[in-house]
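Both complexes shown next keep subunit A, but they swap its partner, so subunit B is in the first and subunit C is in the second.
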Partner chain A sequence: MDGSLLFQSLILGILLGGLYALLAAGLTLYFGIMRVVMIAHSAFLILAAYLAWWFHRETGIDPLLSLIVTVPLFFAVGVLMQRLLVARLRPVTLTMMSVLLTFAIALTIEGLLGFVFSGTQRRIQLGYSGESIEVFGAHVAVVKLITFGLAASSLAALYVIMKYTKFGQSLRATIQHKEAAQLVGIKTDRVAGYGFGLGLATAAIGGTALSLDATIYPSLHWHWIGPLMAIIVVGGLGSIPGAAIAAMVLGIGQSLLQIPMGTTWAQTIFYVALFATLMLRPQGFFGGRLAQRF
Partner chain B sequence: MPSVSKVFVAKVVVFAACAAALLTFPSWAANPYILSAGIVVLSYAVLSTSWNFVGGFTGYISLGHAAWFGLGAYGTALLITKMELSSFVAWAVAGVLVAIFAIPVGWAALRVRGASFVIVSIALVLIMLLVFQSWSDFTGGSNGLVVPRPFPDMLRPEHHETFFYLFAALLAVTLLCWWLIDRSRFGMGLKAIREDEDKAEALGIPTYSYKLVVYVVSAFFTALGGGMYALWFGDLDPVFQFSILIGSYMVLMALLGGVRQLYGPLLGALIVGTALEYFKLEFGDTQFHLVATGLLLGVVVLFMPDGIIPAGMKLVDRFTPERSSIREMTAAQLLERDEEETSERADRHTAATGAATPERTKR
Partner chain C sequence: MSMKTTSIMRIGAILGAASLALTACGGSDSGSGDDEGPITIGVSLPLTGDFAEPGKGVQRGYEAWAADVNDAGGLLGRKVELKILDDQSNADRVVADYESLIAQDEVDLVFGPFSTRLVVPAARVADEYGMLFVEPAGAAPEVFEQGFGNLFYAAPAVANDHYNYLAEWIEALPADQRPKTAAYAAMDDPFAMGTAYGLKDKMEAAGVKTVVDEKYPPNTTDFSSIAAKIESSDADMIVGGTQYQDAVNLIVALQQLDYQPKLAAFSTAPTNPEFPEAIGDKTEGILSPTGYTTEATVATNKEFVESYTKRNGNPPGEDEANAYTTGQVVAAAVEAAGCAEQGECQQKMIDWLHENEVETVVGPLSWDADGRPQGAHMIQQYVGGEIKIVLPEDVKEADIIYPKPAW
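Take a look at the complex of A and B:
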């Protein structure tokens, strides 16, 4: 294996890891706030990708512009979903039942996508989709850079929101200790709804980024759900930094393993990491102290 | 109490009627297609009853039992084609091998509870799908794998009829095993885990080994169901054998019927299985059956998490005099009742003191 190939894979791995980190951050948000395992996250991802593709086909405008519509839309859907569906579940069985509920939502989305757009594989053709630039001797496709840029800027925005806004503070308070947050006057129900919306908004961005560079079809979300779930378990359920680190490590690992093993077998790294985590540290490797209790 | 014996007689009559209807089904099924649909429903019943060993007793929800189903099917097929075992020997051996394989998997998966367990169970199916698709020179990959028929000289209707009875027998054994565990001390321990695992452990129940044993039993029966399906259907494809959809059907059926009941998964399989066959017939290639499954699962989870049988029993209870025995309530239900009462009290309090609580005043 020569050095430039290795370097190229490393760069691609970092770019891929960024996208994984964005999507896994959404998942940990739901889990942190509500103890909800959102299986439908990747289904919404594919939905956003389809919306971007459809937008591009109908108008011919760059699919990135569809974000103007999809991000607020997904935010609203997330708030409604939390208020109307998730909040109705019994608190005692919330974690288990939320899995089944969001699983049901995922199936419905997949079915509707197949119904409306048919099972045909779709791909966006862009003017710049074939272009690549050279970074220290490695060829990197422009779309991958755009994807990474989107992921990085949304993660940065998420960080700023969580750290410096009043809403972010009350969200973090709700995550840390719900009852205490209520005692200091935070309306945790409302905050939880907005937090859910925020998580789903990341799916809109991630899905649009995905549509630039991937062939999409309705059942594609099953390919995403495994790696994403593995990432949040390895990172420790509910820990955003943990998810980001795990996403980076596993994304790079997958990319490097593709050279000797091929694309399909490289995917197994997520599952190997998942089972290894359970054997060694069931609560996750990075700061996840919540996982074992749920 | 005379009413007890009446209930007992009624139970026996209903059981006999259902069993008779089931066993004579092949003779009154209109055509071989209906008969094969009946076999599909029976196989679903076997699978969801097998799933209910884990889901019903311990409350651990596995969305990934399709992994055991697929391994049972592929194990049977591969043992016949590569090892040249005879069909039913291969079927039994595959079941045992899958059970052995389930030990380390269960050992890892059962270390975590709740959400993490569900995630692991999903990962299990995805990893199996990946392996069986990629390892194509052994498993046939996406080209599929043809399973030699156990009764090569039977005609199709006769073949269906035979397998209908084979599935019925397997279902009977699975139900019997569930019933035996339900009434045993072992079953008591498992149900204690379902209600409150920490307290169960504090009471001296070896929770971890109990969970593991029942997980392996569940995997064993699921694999037998899968192997039987392989022998009957004769053609395997990783996408269908290791599909999360199959695993979710098992959960949906068991939840819909009621996971605490012996016949819950059977009833669920009857309803969902029939509906699925109907949707596939009517809407064919469209993805409508996915939407229907999704919506139905959502409705069950939101409004009927205990299943049809308890809901029906509650309805019957309304019209009969109140029972003198202590009604069985789960810790979850008790907590919920308490919470409801507290919130009602709070509501009354708010109503009494008027709407001018600090929260509602605008700043």
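Take a look at the complex of A and C:
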């Protein structure tokens, strides 16, 4: 195996891991806050990617600027979705019913995207799509670097919100023990709604990042939901650092395994990791007490 | 499970057909209406699901053909009527659809669906009923290895022969200019692999060394690792056995790694009108095989392009053309046999097609015993920002660019 290919693959793996981490972050939040299995998360990613593409096509402005609209929009949609739909599910069957509910939402988004934008595959054509920077002989694509920057800054922001703001503390309290949080005066329903909105806001960022370097089509979200689910289970449900670390490990793993094993087998790393985690450490590697409830 | 569904469908179909036969016997005027009524043609197409886009293209092509035939007075003086069902890109559904079209609806003729994965099960049903089966979109080798005597592929060449003109051209290059190494990346799909490996076999026989041979599943979204392998091999030429999104993603990933081959060929994607929109100004020199061009001067093509454009507002693509070709092939068989109903007539048409050549919008077609068309695809290349035919010599619109300019 040649050294420069190994180094190049490592760089690609890190960049890919960053994207995975960003895409999975929201998913682990929903699980953490209210045990909602959000199948529609990746459909919202694709929706955001389409909005970014559409925004770019209509205005010619860099698609990153669409975030100014999509992030608050997705936050609001998330809050509404939690208050109007998810909150009405009965707690006993919440996890199971949320699968059905969000499955339906995913299908609706896919159908609407197909209806409005047709099934034609789209790609944002940026002046710097094919550009790259050379680092010690390896090429780092500019778009991948931007994606990675977006991922890193959003995850850092998410971490700061969760750790240092009053809202973050209430959210964490809600995740840890809902009844106790209510006893100390936290309006857990409202907090859960905002938490859901926060998760969906990350989908807006993730989808826009995805749109920079991917060809998109309405049914693309089915290809993403499997690996993302695997990442958050390995990382530990509800743990954002866990999701980030698992995403990084799996992204690099996939990229390096590709060299000796080829694409088909390299992709199975997600499912092998999922299986191994469920057997050896079902709460995930960073999840702690919370995940044991599942 | 599908076996069970199929047999239930079959029983249902037999019952349906029996009750129809009974009512038909009761009526006294049943025989006379047959010749003057329309010729019905049953089709199942993937109008939703994975193959919805090309499926709709095929539908447009079939409808364009039916409209043109009816405008010209019909087939054997009878109007043609299409009965199109949606199989949702699902192989079980396609079987049930053709069962019910043939047995229950008693259509006179059938046309094939889109994609190898649907053509094979559909052809099996048609074969059981002894129906002529002309199809616009099953080019993979396995379609012709099933021993169907009733199947005909209505396009110039099977997948393995798509790059034939390119292979001949490379073989004819002086030794010092010829590529010495090649990288292949193909989607794990019978059609896509067929195109790439058809060229690979010929290149290996000609002494071009294979340095990368990657196969990836259809759901692959990240192509940077495959691109890294190809870039690291520094192959002189890259051949993609691709559909659409994979080709676009792979090409951009290769550009990001600054891999500069002397020759780059990808099946399907470059001929798609969306392609230059996706890749931008870096398409120069990219090659692709194609079975159809609106510019072709072969018989009936000009009329087809004109009438299609008038009806749809844009010129036809390859899927539309192959569907239209299917109609032309079946029409030729109907005219020659002088009939178009189920039963003996179907065999008459099948036999005729095995013996004869048919003029179509993609050129004259003839077939071997397994239904393989005896032709090759043209090779197109982006020259000066536009896709032009560069091979074979006698129909070329521009000279081939080699080596490929940097992308």
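Methods note: the second predicted complex is superposed on the first by the 287 of 294 C-alpha atoms of A that agree within 3 Å, B and C clash if a C-alpha of one lies under 4 Å from a C-alpha of the other, contacts with A are read in each partner's own complex, and residues count from 1 in each chain.
Everything below uses one rule, namely that a contact is a pair of C-beta atoms (placed from the backbone, for glycine too) under 8 Å apart; a residue touches a chain by one contact, two chains touch by 3 or more.
Nothing here was measured: the structure is a model prediction, and the numbers come from that model.
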Original post:
After lining up the shared chain so the two structures overlap, which partner does A:Leu237 touch, if you call subunit B first and subunit C second: first, second, both or neither?
Top reply: first
**OP:** Scan A:Leu80 for contacts with subunit B and subunit C and give back first, second, both or neither.
**Re:** neither
Subject >> Partner chain(s) touched by A:Trp265 [first = subunit B, second = subunit C, both, neither] >> reply: first
Original post:
So, A:Arg88: does it touch subunit B (first), subunit C (second), both, or neither?
Top reply: first
**OP:** See if subunit A has more residues touched by subunit B or by subunit C, and give me that chain.
**Re:** B
Original post:
Which of the two partners, first being subunit B and second being subunit C, lies in contact with A:Ala173: first, second, both, or neither?
Top reply: neither
**OP:** Go through the superposed model and pick first if A:Leu16 touches only subunit B, second if only subunit C, both, or neither.
**Re:** second
**OP:** Could you tell me if A:Ser255 is touching subunit B, subunit C, both of them or neither one (first, second, both, neither)?
**Re:** second
**OP:** Based on the superposed arrangement, let me know which partner A:Leu145 touches: subunit B (first), subunit C (second), both, or neither?
**Re:** neither
**OP:** Pick one for A:Gly119: touches subunit B only (first), subunit C only (second), both, or neither.
**Re:** both
Original post:
Touching subunit B and also subunit C: which subunit A residues?
Top reply: 114, 119, 222, 264, 267
Original post:
So in the complex, which bits of subunit A are touching subunit C?
Top reply: 2, 4-5, 8-9, 12, 15-16, 114, 118-123, 125, 127, 129-132, 139, 141, 143-144, 213-215, 217, 219-220, 222-224, 254-255, 258-259, 262-264, 266-267
Subject >> subunit B-touching residues of subunit A, taken from the complex the two chains share >> reply: 31, 35, 37, 39, 85, 88-93, 95-97, 99-101, 103-115, 119, 187, 218, 222, 225-226, 229-230, 232-233, 237, 264-265, 267-268, 270-271, 274-275, 278-279, 282, 291-294
Subject >> Of subunit B, residues touching subunit A in the complex >> reply: 59, 61, 63, 108-109, 111-116, 118-120, 122-123, 126-127, 130-131, 133-134, 244-245, 248, 251, 255, 286-298, 301-302, 305, 331-332, 335-336, 339, 359
Subject >> subunit A contact footprint on subunit C (complex, rising order) >> reply: 50, 52-53, 188, 214-217, 219-222, 224-226, 228-229, 231-232, 244-245, 248-249, 252-253, 255-258, 274, 277-280, 282, 407
